[in-house]
Structure formats: structure tokens, C-alpha cells
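Okay, got some structures for you below.
What follows is chain A paired twice: with chain B in the first complex and chain C in the second.
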Partner chain A sequence: MKTRRRAGRTPLKVFLILAVKNMARYRRRTLITASAIACGVAVFAAVASVMDGFSSESDRNFIDYETGSARIVAPGYWEEREQFPLDMVVEDSSEVIAQLEQEGWRAAGRTEFRGELVIYYDPFPEDGNIPMAFAGVDPDRDPEVFRLKESIEEGRFPAAGEDELIIGRWLADRIGAEIGYGVTIMTRTKDGYYQIMDLEIVGIFNTPNPHVNRNVGYLPLDTADYYLEMEDAVTGVIIRGDERVPGSLDPAPIASLMEDRPVRVMSFSDMNKEFAEIMEMSEQITSLILMLLAVIAIVGISNTMLMAVLEREREIGMLRAMGVRNREIQWMFFFEASGIGFIGAGIGVMLGSLLMWLLVTYGIDYGEMLGDIDLGYRFGEVLYGIWSFSALIQAAITAVIVSGVVSLIPVRRMLKKQVTDCLRHS
Partner chain B sequence: MKQIILVLAMMLTVPAAWAMTAQDIIERMEENQTHSTSIMEGRMVISDRFGDRESTYIAHTEGAGRFLVEFTSRYEEGQRILRRDDSLYLYYPDARETIRLQGAALRDSLLGSDVSYEDMTGGRGILDDYDAKLLGEESVGGAQAYMIELNAKTAAVAYPKQIIWVDAEEFVMIKGEQYARSGRLLKVTEVLETMDVDGFRFPSRIRVTDQTRRSQGTLMVVESAQIGVDLPANIFSLEELTW
Partner chain C sequence: MITVTDLHKEYIDGESHVRALRGITMQIDKGEFLSIAGPSGSGKTTLLNLIGCIDTADSGEIILDGDTVTRKHARELVEIRRGKIGFVFQDFNLIPVLTAYENVSLTLSLMGLKETEIKARTMAILREVGLEGMEHRRPAKLSGGQQQRVAVARALVKQPLIVLADEPTANLDSATGESILQMMRGMNERWGTTFIFSTHDTMVMDYARRLCRLHDGLIESDEKRSA
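Then we have the complex of A and B:
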């Protein structure tokens, strides 16, 4: 019995050939449906490329200019960091850094505080005051941890012990600042007293991190220490590791080194939690786009296949009358739909690759669109995509499988009909 | 004999107040300027490069620790500032929201003037927060005044050092200078006129100038004052603030 069934079965290859012939027979329909799938695959790949680029550039800009790989702070400081508290500090920072350096870590102290940048008419175009953040940076160690020094576009990095300041290009252009101009910072000491610092702008930097370019001014750490009366305390000791993947540095060895001190060691993931939540939301949006594309493919393919099945009702009836099994007819339509999906995915991969190349090479210039609006994102005016082959493959495979599977719905309905009813179809 | 005559002459010519210490002078000034209760109507004129802006207000005070200022001018109408228990609250009628000012928000200026919200906090006496030292006597705007240096002894105050000039006859502050930790002059307060109500003399026309911003100053004028009046019950409560 088993042998007889095998002998009576038509090889799948025949149905595969039939499916290809049908695709060729209904060329226009095949191309239209494949184009819709191709657009879906290409758009998905482009969105994934931009989102991955956004995430990757943001992580890099966070690490290179703001957070470092890990950070030692006073307990409770991170939760209050937007208030820039100077009473939650890492005491004896020189000792802490020496301890870290002894173990081979690259570390630098920073004292971050809030103040007002006061500028005066002549040399500036007009009087004004800008509330902003400042950070005391160690001129020797900071370049080991951050890339701020590399971003100096004009002038130089502030020197230890000098009353000097560097500001971002964005800010400098808006207030009309130039190298050598004097500014005043009005802030508070660690104890909360008013403090005034008269500093000279010695450098203008331009980092790929717009938050830093717009909102932060940097002065030598020892100058900040003196004016703010920090007595060797800093608001954070930042550590730079050699990890390739952002957030992969294990902070445990640093934590064990610091266990006798009243401090908290934070990993990049701890510091980046809020941004990671935004990214998670972005990933959900990407998933939603994928789902929408799947819906488009499902609707498109099922519509196409419904038409094909209805058009070929008599054909199906004839095949069934000739002894072709229902499952074999299902295979035929499955191959046809998958074939359309395959063509669509193929075109989509090519189109998606082209879009990705454009995004990786030229990016999307948000500069003019955003103007002076600070959304708090950590990418420059041009957002570049990255090559995301996994997204292309994911989209292509999904398109082929979904196309094939959804074709079965109209076919199953047709196959429930009697053979005679199918043959009677006009 | 000559020396005895000289000493006697000095004793007769030097005012009895020379014997006063800085603490005595400040206590007398605070007695004069602190009222059990009061209602004052006034205006604040803020001058900047765009011209003058005027805001009017009614202030209710109780001792040195509590006050409620309600703005009555068109653009700020209904905005209120309440100080009680060392805390400062703002009420915005448009938003129907009460905000407790703390931390860095206290450094913001009041309606863009040269006065910060922080200047309005701290109901404690000067001598609780500052060590006072009498530097001498000098003439300020034609009036003889004691010059007193105040150095912060707690971190509860914003100005580490102040110098005030107190009218030697009226015991009213007629000038004040506030300094930053670095010694730079931050603000200058000048009393242009004083007012006498029921035996209390207090500044009624004050100009505050922020020296760091090279501002043209903020003029604060008390138009009328009633002292020792009965204030409505709960006027300094948070519930009343939102009414």
C-alpha cells in the first residue's frame, strides 16, 4: 500500500516547475506583488540601519564625551546628578585614581557643576548670561579617558592651574566667542556660597556629541577644585576600558578595589539606563514596522493568491480530477507565492542595500530640520546608518516564509469544494 | 591738665553710640525693620536694556519668618510667593500649580529682576548666620552710618561676606554690599528713602544692582504700609496660597 502511494505521487519538482510557469504566465501580477514586498523589505532594512546607527553613535558619544566606560561616584549622586550636587563627592580623588592606575586602569577625576556663564559687551557682541553645566577636567589624565582634547577645533586644551575655559563651537558661534575672550562663571562653592570665576576662553571644541557642544564648558580640575573649595574631592572618577562593545566592561574588579571606600561603581549600562529605555522603545517601533510590513505582505500575497486561485478554479478542478492530491495543489500554490516572495525579497535586498549605502555614506542631515532645538540625543547634525545585514536577511526570510504561508488560506478554502463544482466554474 | 581737657572734649563730642558694638547695632536695626505683622503695598521696577518694567504687589508679613507676596500688576496678576518655615512656594494662577522652590531653582531671579528667590529666604536673624565686625563710621549719602562687615559662620547662607551701612541715628540699613567667596562684589543694595510708620523706620525705596551682570538695577518701592494689623487666619498656609 505504502509503495503504491509513493508510486502514484507526482514529484514536487513538477509543481515547482508549474509554480514558476504560473509566475511567468501572470507576469504583471507577480511583479506588482513582488514590488510591494521589495519596498517593505527595503524600508525595513533602512529603518533598522538608521536605528542601529543612532544607537551605536549615541553609545559611542556617551562613552567618549560623557560617561566613560565606568564611573565611581558617591552613593546617591547619580540619581541627583541633574541638580549637580557638590555635597555628594568622591573624597581623596588623587588616592582613588592612584589606586586604579596601579591596577592598570585609565582613570580621571571630573568635577561637574552648574553655573551661569556671564559675558560682557566688548569683546562680546552684547551682555548676557547663560545657565549651563561646567566640568573641571584633569588636563593630563582626561585625554586618556575622553576624546574631548581631540575635538579641539581652535586654540588649545586648558592648562593645569590656569583660569582657562573651553566651550563648544555651537555655543561659541551663538554668543560670538573667540579665543582670548574673558568670561565670568557665577556658581556656588561646595558649601553653597556664591562664587565668581574670571576665566579666559583658550579653546573651542567641536565634538560629535551635540549635548556637550551646547551645554558644557570645561576648565582645569585644579582651578575648579580651588574655586569650589572641593579639597581634592570630585563628583566622579571616570574609568576607560578597552572593551569593543559599549557596556561590556565588567565593573566588578573596580568595585572590589573600591570596597573600603564609601562610593558606588557604575557600569555604562547603569549610567545609560534612561537612554537604553529610549532605545528599547525604538526597537519596539522597529518591531512594529516589521509587523506592519508583514501585514502588507500578508494582505498583498493573500489577495494575489486569492485572485490566482479564483481565476484558476477550473484548472484546480481538472488537476484534482486527474488525481492530483490536495496537498500537492497546496504545494504548487505555496511554491508560487514563495517564489513571488523570493523575487520581492531579492529586489528588496538590493534596494535595501542601496538605501543602506546611501545612509552609511551620506546619512540624514537633521541639522536644518532641528535648528537650535536640543532633543537631548547624542548624535551630530547628520545621522548615519550602519550596515545591518542581519536586518536585511531577517526581512528577506520573513517575506518568503510569510508569502508562502498566507497563500495556503485561499487554496484551502478552494480545496473544500467538490471537484465537480470547481469544473463547473465559468 | 591739657590732656584731661582733651579726653573730656572727646567724651562730649563722640556720640554715645560709639560704645555700641556691631551686634548691638544689628539688633537695633532688626528691631526697627521687623514687624509683628504688616501689610505693604509696593512696586518693583526692573530696568534693563529694553527699558523699565513695573510690577505691583501686596505683601503680608508676620515677624521675620513669614510673608506672602501677591502680584497685582496685569502680567503677573495672581502670582504669589509664600515663605514659611524656611521654605519658599510659588503659585501660578494660570497653571493652578504650587511649586516649592529648592536647590538650584532658588537661584533664579524674581521676575527677571536683580533679586533672586534665595534673597527672600532665611528668616533667621543676621547674627545667627554671620559674625559681625564694626569697621567704623562713615558718611553715606549725607547720613552718618556704621559700617559693619558680616562674615558667614554657617553654610546656610548664600553670601560668604557682606558689608552693610546702618544709619547711626535711625538704625536703618542704608547700603549693603554682597560679596562672592573670591571677594568679588556681587550685588549692591542702596536704600534711597526710608519710611516711618507707627514709630518703626524701615527702607521704603531700595535699589538692588547685580554687579556681575552689569545690570541697571531693580527698584523696590513701598508705597504704603500698615504695621501691627490683624491678618486673616491661615494666610500663610498652603491652602490659602491656592485660593
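Then we have the complex of A and C:
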């Protein structure tokens, strides 16, 4: 590369070379500081990988087992859903679903209700009374919308018209349930009358969604319809789209299809709102951790550069006497510091990739850690990371720039000194 | 070429005021080989620093090659130093991470010269100071005398208007010091470069063509000498 001569301009290359030589001279210090930066970059990348994995898995587990991509409910139902009201329903569900299917949507009705699961000693180990949620599911259509059927671990999915129930592995283990055991559900009908259903456990499922595993039992929709006297009404019609990003389905076309019905069409983000708030909080905590990491890296590099500037005071004085401009001296140290940042970023990207690979492949098994605590998140007991190259690159670039900028603080202070004072320094 | 008029400089260090220069007036012509002599604390370094544009006077005037540098801003002084002034320090002050060659060529790189010219001039001046074959040694691998030769080469390679050397031989044994002075005088004779160096060593003063004695911040005597 040729450098053309320009009046009053010094090729910055000169200072770049000087910076590299100084980095090589103080190899130990360079490597130690770079390692600190590398740790920061790697941990940042790992945290981002887990956070992203966490949120995308949580979204997927919501969609695949609870919310679907979109949902049609009665107005006001969603706000009251924790009470499982059976008087706010979507009427004529067969018609609604037929209408949706005609337009190419995959849809299934579900009736969700609250009740008590009553079990008796023999065959169960002891008598019991478990308040929990139930859902009537359409054996034909539900597998088109949810992945519940795929997660049957033992036994089978309940069949239409039968008095059958499936429960989650977690619950089954707690109450000692086996396939073939009979249970009773005590609940109320749509009109509020007490009702008792005697059902047989025909399947045990194990989904990655712990909420479902612990708290929900499923029976055929028509069985539920019969016992609860729903008359073809359901608490929700759930729709599954082909959207690539989980939860990004646009509900507008469905809404216009449902225009004439007294229903509300909810998108995934409508349904996920509260969870998104929790997510945001945990993101804030994460960014706090990241800030802490950044501070550690900044303290490391600024310490190193402060030392570098102080011990080269005479050299700086000499350079200034030779006619090196203050700006050029600043560049020299900027190059040196961002060079250290660059090495740190390089090591950090490698280390971070390794961590990500471990997280993607093996995940973090925190199941034991949390025990039975339900945080309201929807992820399994092993939390997997996802590849987040943007986090790696973002962290690397930040490390390089921040390192360089941090170096300017001690350099500027040094340049405020008189040249003669710098030279006199011993 | 250099006109110094009624130069004053006072250092204030807390309570104590030190009047380092108390009215220096002198004229230095191109091609002089001038020694500023005087006991410790007489103001030699202070005077060289002011002429070298790395310090500012309290009052008085220095005109350097037509520029009144005492009225200039720090930004302009950098440019003057870069183009016109070469420094040689008592303790060499080479950059430890650079080789002899690089220490010298840095000066030319700062001026933005072409690579080929930088190389030719650097090699020539290193030969001149007798360091041929040692271009790739770092300062740590050079003796004191050799390091000072690199420093002289660094100061001279840009063909400055003046070379300022503050006690250039104080850290060298007398034989080595003499060889450095001989070398500088040779350059002064052949190239007409102006040298101003300070010392309190009578042997060193003997090399000077003009000897200016300072005492307590004033010129005590100023005389031309024949070689």
C-alpha cells in the first residue's frame, strides 16, 4: 500500500505499528486484560443464548400446548379465564370450525373447566382430592393444533365419545396413577349444577410445558360437552398457523371471518401479555448482570491503560517534543487498547461459541434446582440455549470500541501535563 | 536565525518562587555550535526548553526562523517542533519497543515521507553515526554511547533547523562522551546544522565554538572560541 504525502498529515499506520509493538512488549498484561474481556464477551454471549432460547422455547411451549397461534373466545372470557367460566363461550363451535377450515385454517375447539380429581385407595396408594384444570379436546382436530398427542408417553390419546382421561407424567407420579385406573372428576355444568364424571386413565403424557404436565387433565371434547351440557359451545376455538416466528400470526383475517359472531379473536401476543411482562423483568435483570460484566471489563482495561500511560510518561513527553500531536498520541493508545479489546473479543467469541454449543447441545438441567416451584414460565426442566451469532458479534464489537474509548481517559489527563513535566518524570 | 530577547521564566511551586531565567538576550546564527554552560540550577535546561518550544516563557521573546514562537499557541508549537527542531536528551529517551532503525525512521514517518525515501535517509544517517549493522537492535541491546548515537541520528535525520541537546554526555563516560561530541561537531561542520547543547563539564565546553555561561538565570559571559 502506498501512502501519498499529504501536508500536515501523519499516516496513522505509524501509531498502529507502535501500538502493536507495545502490546507485544507487555505480553502478559495484554493477555491477562484480554482474558478478562474474553470472559465478559463469552458470558454475555452465553447469557444471551440462554435468554433467547428461554424466550423462544417458552413461546413455543405456550403455543404448542396452551395458547395456539390465535384463539377465538367469548368477549370477556380471557380476563376471567382463571375462574374457568362456562357461561362465556363460543356457541356453535362446529359451525365456527367448519367456517375456519373452509378458509384453510387448522382449528380445534377446547372446553376448559375446573374440577376436583378424586382418587381412592386401591388401586391408588391413598385417597385424594386434587383441584385442577381439565380440558375437553377433539381427538381428531386437536393434534392438528397442539402437540399434546405427540407427547403421550404411555397409553394413548382419549377416544371420541369415551369416558377417558389423560394426565401428565409429573402428576401421575405424584398420585401413583397407572394406565387403567379409574378416577372421578367433580365439577359443575354450564348451568352450575354439580356433576360427576367417572373416567379411566388411558394415557400419560409428558410435554416440555411443566404447567400442563402438572395442572391439566384432558378428556374427549364430546364427553366434556355431554357432561357439562355445553350443547356444542366451547370455551375457545384455537387456531394454528404456519408462521415461522412463533407467535407472529396475524389474526386480522380470522377476525374479519368472525365479524358477524359475538366473539373475540386473540393473537398470541394478546394472550402472552402477562408472560411478556415477566420476560421483560427478567431481561432487565439480565442486562444488569451484563452491565456488571461490562464494568468488570472496563475496570480491567482502564487499569491496564492507566498503567501503560503512567509508565510511558517520559516516552509520551519525548514524542510530544519530537512533534507528535496530542491527537496522534491518543490514537496510539486507542489502537493499543482496542487491540487488547480485539484479542479479548477474539478469544471471547471462541469461548462464547463453545459455551453456546454446550448450551445448545446439553442445556442447563435446573429441574433439581427448582424442585416444585412454578415460576409461571413454560419451559421444561432442561433449558437449552440457541445459537445467537448477533450476540457474539455485538459483544465483540462493543469490547473493541469500549476498550479503545476507555483508554482515552488516562491519555487525555496525561496530555494536559506540560511536555517538560512529562520529560522530567523518572 | 534565533533571537532571544529579555526572556524571563519563573517557576512557582507552592510557596517557593524560583526565578530560573531573569532576562536572557542573545542572538544565535545558523551553523553555530553553541554550548550553554553553568552550574546546576543556573537555568540551562529552562533556556533550551524555551528555545525548543516545549515550554512557555513568562515574558520576553524568541524569534525562531522568522516566527515569534513566544506568541504561538501550543498547537502551532507542535508543528514547529515537528519540522524544525531535533532533541537529544541526557538519558537518550529511545522508544524501547522500536529497533535503532525504527527509532530513527519514526521521525520521517511523522513527516509523511515516502517509504523509499525514509529508508534511504535512515540508513544513511545510521551509517553516519557508525551504527551500520546494528539497525535491528532494540535500545536494550545497545550500549549507552550507541543509544546516544541513535538519538543523535533521530534528531538529525529530518535535517532540522536546530538540534537541542541538554547535557547529552552526562550519562556517558568521558571517552564515549567525547566521541559523541566529535561526531556532532563533524556534522555541524559538514552540514552546517545548528547545535545548542548544555553542559557543566569543562571537557565538553572545549568542543564548543561559542560558549555562553549562565549564572542564576542571567548570562554571565558569551564568547566565541576557535577550534
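What to note about this one:
Basically, the second predicted complex is superposed on the first by the 416 of 426 C-alpha atoms of A that agree within 3 Å, B and C clash if a C-alpha of one lies under 4 Å from a C-alpha of the other, contacts with A are read in each partner's own complex, and residues count from 1 in each chain.
Quick note on the criterion: a residue touches a chain if its C-beta (ideal position, glycine included) is under 8 Å from a C-beta of that chain, and two chains touch if they have at least 3 such contacts.
All values derive from a computational prediction rather than experimental measurement.
Looking at the shared chain after the overlay, A:T235 reaches neither chain B nor chain C. In the superposition on chain A, A:M318 contacts chain C only, with no contact to chain B. Using the contact criterion defined above for the overlaid structures, shared-chain residue A:Y120 touches chain B, although it does not reach chain C. Of the two partner chains placed by superposition, only chain C is touched by A:V14; chain B is not.
In the superposition on chain A, the chain among chain B and chain C reaching more residues of chain A is C. In the superposition on chain A, contact is made by A:I196 with chain B only, not with chain C.
Once the two complexes are overlaid on the shared chain, A:A24 sits against chain C while remaining clear of chain B. On the side of chain A, the complex with chain C involves touching residues 2-3, 5-11, 14, 18, 21-22, 24-25, 314-315, 318-326, 418-420, 423.
Residues 49, 103-104, 107, 152, 155-160, 178-182, 184, 186, 212-214 of chain B are the ones touching chain A in the complex. The touching residues of chain C, counted against chain A in their complex, run 49, 52, 54-55, 78-83, 85, 87, 89, 93, 95-98, 106-107, 109-115, 154. Chain contact summary for the complex, chain A toward chain B: residues 83-84, 114, 118, 120, 127, 129, 184, 186, 188-189, 191-198, 227, 229.
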